[in-house]
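Below, chain A partners chain B and then partners chain C, in two separate complexes.
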Partner chain A sequence: MKQSQLIWLLIFVVGGIFLAWRVSTTDMGRVWHHPERQIHQQNEDGSWSEVELSPSRKFDLHDDGDLEANQEGWNTWTVLKNRKGFNESFGTSLATAGMDPELVHDPVAAQAAIDGNPDMSDADREVLQSMALMSEDFILSPGRTFGLWLSAFFTLCIMSFLYKDNPFYKFAEAVVIGASAAYVMAVGFWTMLVKNLFSNLAPGLMRETFIPGLPEEIVFNGWYLVPALFTIFLLWRLMPMGGWISRWPLAFFIGITAGLRLIAFLEADFMAQISATMIPLWVSVQDAAGSMMLWDSVWASFTNIIIIVATMTGLVYFFFSVEHKGAVGGAARVGIWFLMITFGASFGYTVMGRIALLAERLQYLFGNWLHLTPPT
Partner chain B sequence: MKRTVPLLIAMFAGIMLLASTFIPLTETWGETVTIWFDILAVGAFVLGGGNLLKIHLEKISSKRSGWAFSVVTLLAFVITLWVGLVQWGVNPPKLYPTHSWAGNYIEEGSGLFWIYDNVVYPLTATMFAMLAFYVASAAFRAFRAKNIEATLLLFTAFIVLLGRTYAGVFLTDWVPGFMAMITGMTPEHFNTMQLDELTGWIMNAPNKAGNRAITIGIALGVVSYSLKILMGVDRSYLGQD
Partner chain C sequence: MYEFLKNLDRRWIFLLMLLAVSFPILGRWSFPEKISPMVHDVFAAIEELPEGSKVLISFDYDPGSQGELQPMASAFTRHCAEKKFKMYFLCLWPLGEPMIEKSTNLLKKEYPDLKYGEDFMSFGFKAGGEGVIKVIVTNMRELIPTDQFGTGLDNIPMTKGIQNIQQMDLIINVSAGDPGTKQWVQFASTPYDLLTVSGCTGVQAPLLYPYIPKQLRGLLGAIKGAAEYEQAIDEHYPKIAAMPEAQEAKQRMGAQLVAHILMVILIIVGNIVYFVGRKRGDAR
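Moving on to the complex of A and B:
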C-alpha cells in the first residue's frame, strides 16, 4: 500500500469513528420538524381564505371533526435544525416567565405549569404553550436529515479536489452539471413559458390549471406565436437535417441584444459615467454652525481630484488613435497606475468574497452538520 | 433563406427596440420583444439540456472513458427535471386550494427546493469557495513587486484583503490616536489611515474611477459593435455556409 493511500485510509477511519461517536452521543446530523396544518375555507363568493388557527391548533394534526366539509387542509413544516438549540430557547423563555427552565425536558409538566402560572399575559401563555407542544411533538425529518448529510457529502467531495482530481470530485461534478441544467430548465419553464408564453396563447387553460388568478382581460394573443415558433426553430438544431433554421431565432437574439445593449450602455455606462465624473474640484465641507471644516474639505476635494484624474488618464490609456508618447504617454502611464490599483482592489475584493463563501461552507459543516459550532 | 432572412430579422428586431426607446407610440413593443427574448432564452436552456442528453448518451453508448460519470449526470438531470416539472411536494396556493398545479414550484419543502438546497447550492457554493485557494495560490506565484505597476497592484490587493477582515482594524486602530497625539489634531482627521477606512476610500475613489474608465471603454465598444450588427456590417454570427 502506498503512503498516500495509507494516509487517506487513516483519515477515513478516524473520520468515520468521529462521526459515529458524534451521532451516538449528540443531536448531530439530524433535522427535526413539526408538521403544521393549514386549513382553508370557501367564502360565499367562491373564493378561498385561510382559517386563522391558534398556535396549538396550528400544530394539531388530528382530524378536525368540527370543521366544515368544504374546508381543505394540508401540511407544511416548522423546521428545527437543532433540537438542543430549540430547548435552550424554550428554557430561556420559561426562565423569563419565572418558571423552571428544566421543564423543557417534561413537556406535559411544562404545559401544566404554564396553565397554572397566574403572572403571565394570555399572549405569552399561548406562545409558551405552542413551544411546549412543539417540544413534545417534534419528529425526525428523514428527508431533511438525508439532505443535510448529502449536502455535507457533496461539500467534502468538492473540497477533496484540493488534494487532487479524484472520483469523488468527478462524481460531484457530474451531479452539479446535470442537476443545475435541469434546475434552470424547470425554473425557466414555470417562470417564463407558463407565465408569459402559455398564458398568452392559452389563457383559459392556464386559468384552469397553473394560473388560476390570471386576469380575465388577458385573452389569446397571436403575436406570441412568434416566440413559440422561434423556440421550435431553435430546438430544430438538435435534428439531423435543417438545423440552419435555428439561425433565425439566433439572429433575433443577436438583434434584440444589440438594440437593448446599444441604448442601455449609452445611457448607463457612457452618459451616466461621464456625468458622474463631472464633479467639483473644490468641495467645501461645513459643520452644523455653517463654518468650513478645512481638513474635511481638503480631503473631499482630494478624493474628487483623484476620481477625475484617474478616469481621464485611464481613458487616455485606452485611446489608441494617438501614439502614447510625450504628454499622452505620461498620462497613459498614470492611467496604468490607477488601473493597477483598480485591479488590485478588485482582486482583493473577489478573494474576500470567495473566502466568505468558504467560511459559510465551513460553518455549514461544523455548525449545521457536526454541531461543533451553533447552527445557522 | 439561410443568410438574408436572419440578417433581416436581426436588423428588424434591433431597430424596433431602438425605435421603442424614442417613439412613445411603440414603447410597448420594446417590452413585448424583451419578453419574447426571455422566452427564447428558456428555449436556449432547453436546447442546452437536449445537447447535454445527446452528448452524454453518445458517450455512454460508445463506452468512452468516464462514461459512468455521464450516467450520473443524466440521472441527476432527469430526476431534477422530473421533480421540478411535476411540482413534487408543492402545496396548492392559499387563495386557490383546489388548484393543485398552481402552487409555488420552489416553495420551502418542495422537491425542487430540496434539490436546490441540498445539491445545487452546496456544490456550486463550494466550487466557488475553492477558487479562494486557487486565486490566492496563483497570486502568490504571479505577484512580484518587479516594477511600479506590479507593486501598486500587490500593495492595493494587500490593503483590501487586510482591510476587509478584523485583522485590518486590529492592526491599525491605534494609528488615528497616535497621529493625533503627534500633530495635536483630532483623531477623526486620521481615520483614513486605518486599514478598513483606507479600503473603503480605495474602493470609492481610485477603484471607482479606474472601473469608470474601463466601463466607458466597454460601452463605446458595445455601441459600435451593436451598430455594426444592426447595419448588417458584422455577419459573423451567421456562421460560414
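Moving on to the complex of A and C:
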C-alpha cells in the first residue's frame, strides 16, 4: 500500500469512528416532528380559509368531534431539525418572559405554572402551552431522518470524486440525472400540458378533475389544437416511419426563437448599449450646496473615460478588416488587456461561486446532519 | 522542496481547501461588510418603494446554485416582507419551485401575520423561458390562469386586478443562467422600462454589469453581493440583524476569505514552481 493511500485510509477510518461516536452520544442525524392540527373553514363565496386555533386546540390531536359544519381538519407536522435547538428556542422565550428556562425540560411543571398563574400574559401562556403540549409528543420521524442520511450520503458520494472516480460517485450521478429528468417531466406535464394546453382544449373536464379553480371565463380555444398537433409531430420522431415530420415543429420553434431574440438583442444589447456608452467625459459632482466636489468629479470622469476607452478598444480588437498595425494595433492591444481583465474578473467570480457551493454543503453536513453547528 | 511541490498530488490541495472552508464554518467566523454602491442601489430601489407596492420575484435558479443564491433570495424576501409589499413569486426553471417554497416557508415562520393570497402568492413554474416573459409582460392571463396550486387568479385577492407585469412596481430576479436576468432585461426591463434589480451567480455578474444603471437599477454579484445586502438590511432593520439565520451570506464570506487566501498562496507557489522549473530546464 502506498503512503498516500494509507493516509487517506486513516482519514476515512477516523471519520467513521467520529461518526459512530456522534451517533451514539448525541442527537445527531435525527429529525423530530410533532403533529399539529389545521382547520379550514368554507367562506360564503365558496373559498376556504384557515381558522386561527389556540395552542391547546392546535396541538390536541386525535379528536375531530369538535369540527363544525363546513370545516375541514387535517394534520400537518412541525419539523425539528435538532431537538436541542427546540429546547434552546423555547428556553430563550421563557427567559425573555422572565420565567425559569428549565421549565422547558419539564412539561408538567410548565402546565402547573400556567394553571397556577391566572395573571400570565397571553403571549407567555402561549409559549408555555406550546412547549408543554409539544414536548410531550415529540416523535422521531423515520422518513425525514432517512432523507437526511440519504442527502448526506449522496453529498459525500459526489465529493468522493475528488479522490478518484468510483462506483459511489457513479451511483449518485445516475440518481441525480434520473431524478432530475423525471422531476422536470412531471412538472412540465402538470404546468404546461395540464394547465395551459388541456385547460384550453377541455376546460370543463379540467375543472372537474385536476384544476377545480380554473376560471369560468376559460372556454374551448381551437387555436390550442396547433400546439397539440406540434406536440404529436415532435413525438412522431419515435415512430419507425415518418420521423421527418418532427422537423416541422422544430423549424417553427427555431424561427420563432431566432425572431424573438433578434429583436430583443437589437433593442436591449445593441441600441441600449450604444446609448449607455454615450456619456460625458467630464462629470461634475456637486454637493448639497451646489459646489463642485473635485475628487468625486475626477473619479466619476475617470470611470466614464475607462468605459469609453474599453468599449472602443475592445471593438477595435474585433475589427479584422484592417491589419492590427500602428495605431490600430496599439488600440487592439489595449482592447486585449481590457478583455483579459474581464475574463479574470469572471474567473475570480467563478471561484467564489464554487467555494460558496462547498460552504453551503459543509454548513448542511455540519449543521443539519452532524449537529456541530446550528442547522441551516 | 521543488521536487515535492512539483509532484504534489492534487488531492492534498483538495484536502487543504476542504479544511480552509471547514474551519471558518465550524468557528462561525464572519466579518463586517462594506456596502458597495451597486448593492446600495439594489437596497435603495426596494427601500424607496411605498408600503403595499407590488413586487414580482422571479427565482430562476435551482438547487445546484442555491449555495450562492439562496442567501440573497431569503434576504430579498425578508426585505420585501418588512416593507409590507405584495409579493408575487414566479420561476422559469423547473427546479425553481422548491426555491419559492423555501421563501414562502420563511414568510410563514418569520412573518406569521402575512397571509397567502393577500400578502404573497406563487405563480409557480412556467416553461418557455423568455417566451413566458414576452407573453406575461402584456397578457398574464393568457399563460397563467391560476396560481401554483390551481386557484383561479380572480379568486386570489392580490391577483384580482392583475392583467400583466407592467402593473408591478418592481421586478426582482435571482438568476443562475438562461433564462434569467438577461432575458428579464431584454424582454421586460428595456422595452417596457420596468424597474428591475437582480442577484446573480458570480459567473454571470461581469456579463450583466453593462446593463447598469439604465436597464438594471442594481445587481448583487454572487455571495459577496448577498453579504453586503444582508449588511445593508441589518443596518436598517435591527430585528433582522438579531436573527442568525438571516446572516447566511456573511457567514459564508468567512469561509471565502480563508479559501481565497489559500488560493492566492497556491497561485504564488505554483508560479514559483513553474519559474524554477523553467530555469532548471525542466521539459514540462
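The rule is simple: the second predicted complex is superposed on the first by the 339 of 376 C-alpha atoms of A that agree within 3 Å, B and C clash if a C-alpha of one lies under 4 Å from a C-alpha of the other, contacts with A are read in each partner's own complex, and residues count from 1 in each chain.
Everything below uses one rule, namely that a residue touches a chain if its C-beta (ideal position, glycine included) is under 8 Å from a C-beta of that chain, and two chains touch if they have at least 3 such contacts.
This structure is a prediction, so every number in the text was calculated from the model and none was measured.
**Q** Is A:4 touching the first partner chain B, the second partner chain C, both, or neither of them?
**A** The second partner, chain C, only.
**Q** Check whether A:215 is in contact with chain B, with chain C, with both or with neither, and answer first, second, both or neither.
**A** After superposition on chain A, A:215 lies in contact with chain C alone.
**Q** Figure out whether A:161 sits in contact with chain B (first) or chain C (second), or with both, or with neither.
**A** first
**Q** In the superposed arrangement, does A:366 touch chain B (first), chain C (second), both or neither?
**A** In the superposition, A:366 touches chain C alone.
**Q** Looking at A:315 after the superposition, I want to know if it touches chain B, chain C, both of them or none. Which is it: first, second, both, neither?
**A** A:315: touches chain B, not chain C.
**Q** So in the superposed three-chain picture, is A:374 touching just chain B, just chain C, both, or none of them (first/second/both/neither)?
**A** Second partner only.
**Q** In the superposed arrangement, which partner chain does A:338 touch: chain B (first), chain C (second), both, or neither?
**A** After superposing on A, A:338 lies in contact with chain B but is clear of chain C.
**Q** For A:40, select first, second, both or neither according to whether it touches chain B, chain C, the two together, or no partner.
**A** first
**Q** Taking the superposition on A as described, I'd like to know which of chain B and chain C A:242 touches: first, second, both or neither.
**A** A:242 contacts neither chain B nor chain C.
**Q** Spot which of chain B and chain C makes contact with more residues of chain A, would you?
**A** Touching more of chain A: B.
**Q** Under the contact definition given at the top, report the residues of chain A touching chain B in one complex and chain C in the other.
**A** 47, 162, 180, 183-184, 187-188, 192, 196, 210-213, 256, 260-261, 265, 269, 273, 276, 342, 345-346, 348-352, 355, 357-358, 360-361
**Q** Okay, in this complex, where on chain A does chain C touch?
**A** Per the stated touch rule, the residues are 4, 8, 11, 47, 162-163, 180, 183-184, 187-188, 191-192, 195-196, 199, 210-215, 218, 256, 260-261, 264-265, 267-269, 272-273, 275-276, 342, 345-346, 348-353, 355-363, 366, 372-374, 376.
**Q** Spell out the part of chain C that touches chain A in their complex, as residue ranges.
**A** Where chain C meets chain A, its residues are 9, 11, 14-15, 17-18, 21-22, 25-26, 28, 64-68, 70, 94-95, 97, 124-128, 130-131, 134, 143, 145-146, 149-155, 183, 185-187, 189-191, 201-203, 205-207, 210-211, 214-215, 221-224, 244-245, 248, 251-252, 255-256, 259-260, 263.
**Q** Which residues of chain A touch chain B once you look at their complex with the stated criterion?
**A** Within the complex, chain A touches chain B at residues 38, 40, 47-50, 72, 74, 76-77, 79, 143-144, 147-148, 150-152, 154-155, 158-159, 161-162, 170-190, 192-193, 196-197, 209-213, 223-224, 226-228, 230-231, 234-235, 237-238, 244, 247-263, 265-266, 269-270, 273-274, 276-277, 295, 299, 303, 306-311, 313-315, 317-318, 335-352, 354-355, 357-358, 360-361, 364.
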